[in-house]
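Next come the structures, one after another.
The following pair of complexes shares a single chain, chain A, combined with chain B in the former and chain C in the latter.
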Partner chain A sequence: MLSERRGVRGVVGVSLLSCLALVATACSGGGSAASTATRGVTINVALAIPSPPKASLAAFTKSTGITVHWTNIDWDSLQTKIAAAATAHTYFADATDVDWSRVGQLSKLKWFHPMQNYVDTKSLAADMPQMTSFTVGKEVVGVPFDASFLTTTVNKKMFADAGITAMPRTMAQYTADLRRIRSKGVVDHPLDIPFAAAEGLSTYWYQATAAFGGTVLDTHGRPRFTSPGSAGYKAAQWMVDAMRQGLVPPGNINTTDSQGTQTEMAKGTVASVFSDYSGNVGSLYDVPSSSTVVKQVGYLAPPGAGGPAPNLSNPDGIGIPQAAKYPVAAAKFIKWFTAADNQAAFAGLDGPDKTLRTYSLPSRLSAVHKLAAKGDLVGASAMSTMLASGTRPVFPGGAPSWYPQFSNAVYTNLHAAATGSLSVKGAIKAIAGTANRLASGS
Partner chain B sequence: MTRPPLDTLPRTPQDTGADRDAAPGARRRRRFDPLPYLLVSPLALFIVALALVPAVFTIVESFFRVDALDPPTRFIGLGNFRSLLHSAAVRTAAGNTMLYVLIGVALSTVLGIVMAITLQHRFAGRSVLIAVLILPWALPGVVEGIVWSGIWDANSGLLNSVLTSLHLIDHYQTFLGHGRLETIALIELVQVWQITPLSALLVLASLQNIPHDLYEAAKLDGCSSWAAFRRVTLPLVRPGIAVAMVQAVIATLNVFDQPYVLNGAASTGSSVMAQTYFISFQNLDFGAGYALSLLVTAATLVLSFLVVKFVHRTVEF
Partner chain C sequence: MSLRVFRRVRVRWLGIAFILLWSLVPIYWTINTSLQSEAQAGSKPAHYLPPTPTVRNYSTLLGGSGEVSGQIRQSTANIFVECGAATLVTVVLSTLAAYAFARMTFRGRTALFYGVLATMAFPAYTTLIPLYRILGDFGLVNTYTGIVLVYVSGFLPLATWIMYNYLLTLPPAIEEAGLVDGASRLQVLRHVLLPLALPGIVSATVITFLFSWTQFLFPLVLSTDQSTEPLTVVIAALQGQHVVPSTLLSAAGVITIAVPAVIAVALNRYIVSGLVSGSVK
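So, the complex of A and B:
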């Protein structure tokens, strides 16, 4: 009887404790007052890339007293997490991803601490050309930690097999070369354009627009692509025509940018990606386990209207959310993470033990130069030249706060034009309508 | 085999008169026992905190302008619902979703019944087969989307390869993205692959309750197998079919992963849940997102009610 009572009491006790735990969990706010402490603290870093090597992080902890807990979340989930946590004013990380396309939105929302309050961003800007992609007015929302930009890649062997001896410098030459590759039967469909209704299609169009000599939006966010003679209109027409004329594999209607590069360019089923990502030659096309075109692919300054076109920036940045528990410690980490020596090490300068897997190109020019000097960077000379003088932000005035809605209109309508369910004129009209509506604030 | 006489059966002490007949003095006042309440309370709190509170919050906030880019939060009545109705993307997604529901519920129910009947009879390896069949149900939708993209892929997909090897096509075909109905049907096929195993198990559970005597009696009365299926099996598995259909309605109305992975945000396959995601987490217009979620919930309730009303029958053996 006694043991039965004890059993009942135990069950009651556990139930009460469970209730209390639930109530406590429900009532406890996620947010907490920020601390300026930098010693003996643990910060959470959430990014869509793997952690730096353990030894590197241990060295950082030893020198600063800050322990880093790293979470690698896929990009889409991370953006949702950032939005959900910021809206609920709850803490989830001390440092996290700042995507260039969301800079306008994040600046307006004040979801991140201004980085200029923690880091000397002015002096960094000279060594980080892509800092402009993270700046709105005087506010720096994040610090670029890699220097991803859009560039053209070509399978030089396929071009040579088609009898092409000089690499194209203009869009007209580039298109003619692609047609020649096709007509010579080197490959059936030489050009990769990822026509799936996803972000990669938007960025491809922005780069193609830059190639035709223009930008997509003006500084007020109004469309600059509505007239048939505009760069944006020509770029859309060129992309859709490439699909209709068979330069692009028909199946690319549902191919994303990563699928396009990984399964088409790396497997040698296309000869060129007009708007590829910097670093892909070293990290993908020259890797025997993932590629059948090792040492065949090289970078090319994007062909333009009358000569090489600018490369649009596509960098990844890191910032400090407003709900961060240890913003000062997070800033110390960001300084370390973006230091030139560390970036060069992450890119492979100091050997594989200090390499950060999937890290392609440092955001600091000085680190790129170091890699180029040591010969550790595939296509280093072309890349450092493009990074130093060729890269431009997609939106010179900063990405508008309504960018995600605009991009959605871009990729859904260009996709529809590629399928034939919409004309290029109709797609441009729909995209422009969305831009005008959003720019006017309605 | 419905149960009309059930109402006439005694069920409670009041019905039986036992309580009425008992002498007042003999009635023992029952002491309040808090134990059951305490035992249930963690789960009840859990449900209240994680389901009811957010549900109420969603209903209330759907009548407010909750836009992180356009503060402050303010009451706008039916404004969110009006803007949703005027959105071409939402209207297209709603039409697509209704097609997902129609195709998904019909196919998963029919296939579920077929699978259940196949699995009803004992045979060697039946348990293993059931375990294997349930696997798609256990897989996340995103994983299924990725797996099936390797089948539908127009450049290097398995289906194109097989059809070419069999000389049924002379060049690779693009299956997804061109025709709306074709795209939706093929995407929904992936979801049907996921939800049918559960439908089959639900129907199988109902099938196993049917006494074998009924089939013997039907046989003695000269019933063919088909007639026995129509007049004995189908009426008696209606509870299982109804539950299977309700779960299919819920899954198909809320489809997101498969269209998103296989067809991106293209209007040829975009679902209402994808629009909810874009509106809430891309545009940060949470008020409209709440409103759209509420509409999906209402549609789920109405369709589930209709299924229960027209398909479900109480069965007693």
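So, the complex of A and C:
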């Protein structure tokens, strides 16, 4: 009997202790308080790119007293970690990735420190055209550290083989050229559109919408694509028609954007990607181990309704999570990481020892100009021009906080339209319905 | 054989063939892709057999001194440490808990037992954020201890259920004989019951290990760098934002499923007996 009483007391005691521990955890601030120290501290930086060269980081440590512990995490996993840590109010890193498409959400949820409190973002804006993609109202959620944007790539040899001497500047010319390539038998299906129900399909539609002279949403987040004469409607119709008319490989119904560029454009089975990623020529198509079309592919300003269309921004940014231990030190690092000289060096200006592997294009115009002047950038002239004057944010009012649900509706319905299970009109109606519902907050 | 019996047998075999194809073709395709070069894997029409089989993807992952092979080696060690420790702790605790529930009488036993089992009904992911916060406060994020504790908390109820049902099948008279001979409860448990309960322990061990091995989201969130990331997380990280190395991913997938596949094939009867224990009286 005595041992049973002890057993019961033990169970009750352990239960009470567990409850106390849980209550203490629930009431705690979820992490230690932030420090303004910048000397003799170690900050954690988590990004989806490899670390800058050790010598560069050592130089930064020497000049600032800040040691950087770099973690390279794949992009999708990183987003999951950021969301989990922010939701749990738990420290994860001092500086990490800011995804442009979630800027609205991030601003609303207050997951990141406003960067304008730490960096002179106003003076940076002129040299960083894509800063607007990270700005919501007056708040700058992150600072772009590269200048990824959407652009058109063409296999110049295939265009030439089809007898095309002048590159297209309008959508009508572009479509006619693709038909010509097909009819001449250069390739069976010349255009890559990744019709798998995934984010890449949404992004493609945004760029095609820009080509037809419009934007998907207005500054209040309301749909601008419902009328058949609107740019978004025309873009959806053009994409689905391209599939039905055989310009797009039939297998692309289940192809994602990366699969398309890797297995079709890089293997020479298509002649063009209308909405490709800046940097792919240098990092994918001109790399012999991953491509059979080396030196055949070039950038083209996206054809538009009456001339070249804007390039939609798709940059990567870096920001300071609210739970950061050393936000001031993190801000110092961000200033260093996005400095023009360092960006140019990361892109290869100062030789391979200072190059950051997989780094595509600096976010600072001045750094791009330096690279272009030295001839170190594939397609430098076109890239420089597009970055300086062609890039636009996908959403003029900033990415809405409900972007993930909207994007889901976009790619699900456009995929359905491409399979034929839904008309373009039906797909547009469904997407608009979702956008209206989300914008109204219901 | 009558026509009706013939048809019934034919339908049965067709069903078996369909299920086998449904299950095995993806595994075959993964192995097939892993033995090709990236160019061969991306070619159209697809190769149903590797045209020139190569183990280059495996040597990239397992051999050499490159960054990827280093990650794979580290994450392989991590997954063994985390799954091994979680399995050990879970089996020890579940055996003790199951013994208490099966053999001891104390107030609230039934409620406590069903309370433990009821935790299995919670969707695991609803506990992710609270667990993250708790581990964060105790400084256990990105540690083996933190990940093992989470695994143990997740798999303990099932292992307890398996052990409980197995212990119920053992006649109490054996245990009573030991007690009459002057042995303590722990001595009876250790020297009498545990040897008899070995098949149940093996079942609980195998099932817990396999469940731990396949974890992805929890270790993804609870580990912040490669020092604790298991193989399942690192494989996903091989995929770039714009580039998917399908052959390398397939080889990594084959490596990841190799260990559980061997365990599942070798100890299949224990898995089945563990999962169905208690289903019939």
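Methods note: the second predicted complex is superposed on the first by the 412 of 442 C-alpha atoms of A that agree within 3 Å, B and C clash if a C-alpha of one lies under 4 Å from a C-alpha of the other, contacts with A are read in each partner's own complex, and residues count from 1 in each chain.
As a working rule, a contact is a pair of C-beta atoms (placed from the backbone, for glycine too) under 8 Å apart; a residue touches a chain by one contact, two chains touch by 3 or more.
The structure displayed is predicted, hence computed values, not measured ones.
Student: Could you say whether A:269 touches chain B, chain C, both of them, or neither, answering first, second, both or neither?
Tutor: After superposing on A, A:269 lies in contact with both chain B and chain C.
Student: Does the superposition put A:46 against chain B (first), chain C (second), both, or neither?
Tutor: After superposing on A, A:46 lies in contact with chain C but is clear of chain B.
Student: Contacts for A:245 in the overlay, against chain B (first) and chain C (second): which applies, first, second, both or neither?
Tutor: The answer is neither, since A:245 touches no partner chain.
Student: Of the two partner chains, chain B (first) and chain C (second), which one does A:77 touch, if any: first, second, both, or neither?
Tutor: The answer is second: A:77 touches chain C but not chain B.
Student: May I ask you to decide whether A:258 touches chain B, chain C, both, or neither, giving the answer as first, second, both or neither?
Tutor: second
Student: Touch test for A:116: chain B only (first), chain C only (second), both, or neither?
Tutor: neither
Student: After superposition on the shared chain, which partner residues are touched by A:87: those of chain B (first), chain C (second), both, or neither?
Tutor: Touch status of A:87: both partners.
Student: Name the contact category of A:366: first (chain B only), second (chain C only), both, or neither.
Tutor: Once the two structures are laid over each other on A, A:366 reaches no partner at all.
Student: Residues on chain A in contact with chain B in one complex and with chain C in the other?
Tutor: 8, 11, 22, 80, 84, 87, 251, 256, 263, 269
Student: What residues on chain C touch chain A, complex-wise?
Tutor: Contact set of chain C toward chain A: 38-39, 42-44, 104-108, 112, 128-130, 132-134, 136-137, 141, 217, 220-221, 224-226, 233, 236-244.
Student: For chain A, which residues count as touching chain C in their complex?
Tutor: By the definition above, chain A touches chain C via 4, 7-8, 11, 21-22, 24-25, 28, 30-31, 44, 46, 48, 71, 73-77, 80-81, 84-85, 87-93, 251, 256-259, 261-263, 267, 269, 277, 280, 284, 290, 292, 358.
Student: Going by the contact rule set out above, which residues of chain A touch chain B in the complex?
Tutor: It comes out as residues 8, 11-12, 15-16, 18-19, 22-23, 26, 79-80, 83-84, 86-87, 105, 108-109, 196-198, 249-256, 263-264, 269, 401-402, 404-405, 408, 411-412, 415-416, 419-421.
Student: Going by the contact rule set out above, which residues of chain B touch chain A in the complex?
Tutor: Those residues of chain B that touch chain A are 34-35, 38-39, 41-42, 45-46, 49, 68-69, 89, 149, 153-157, 172, 174, 176-178, 262-268, 278, 281-284, 286.
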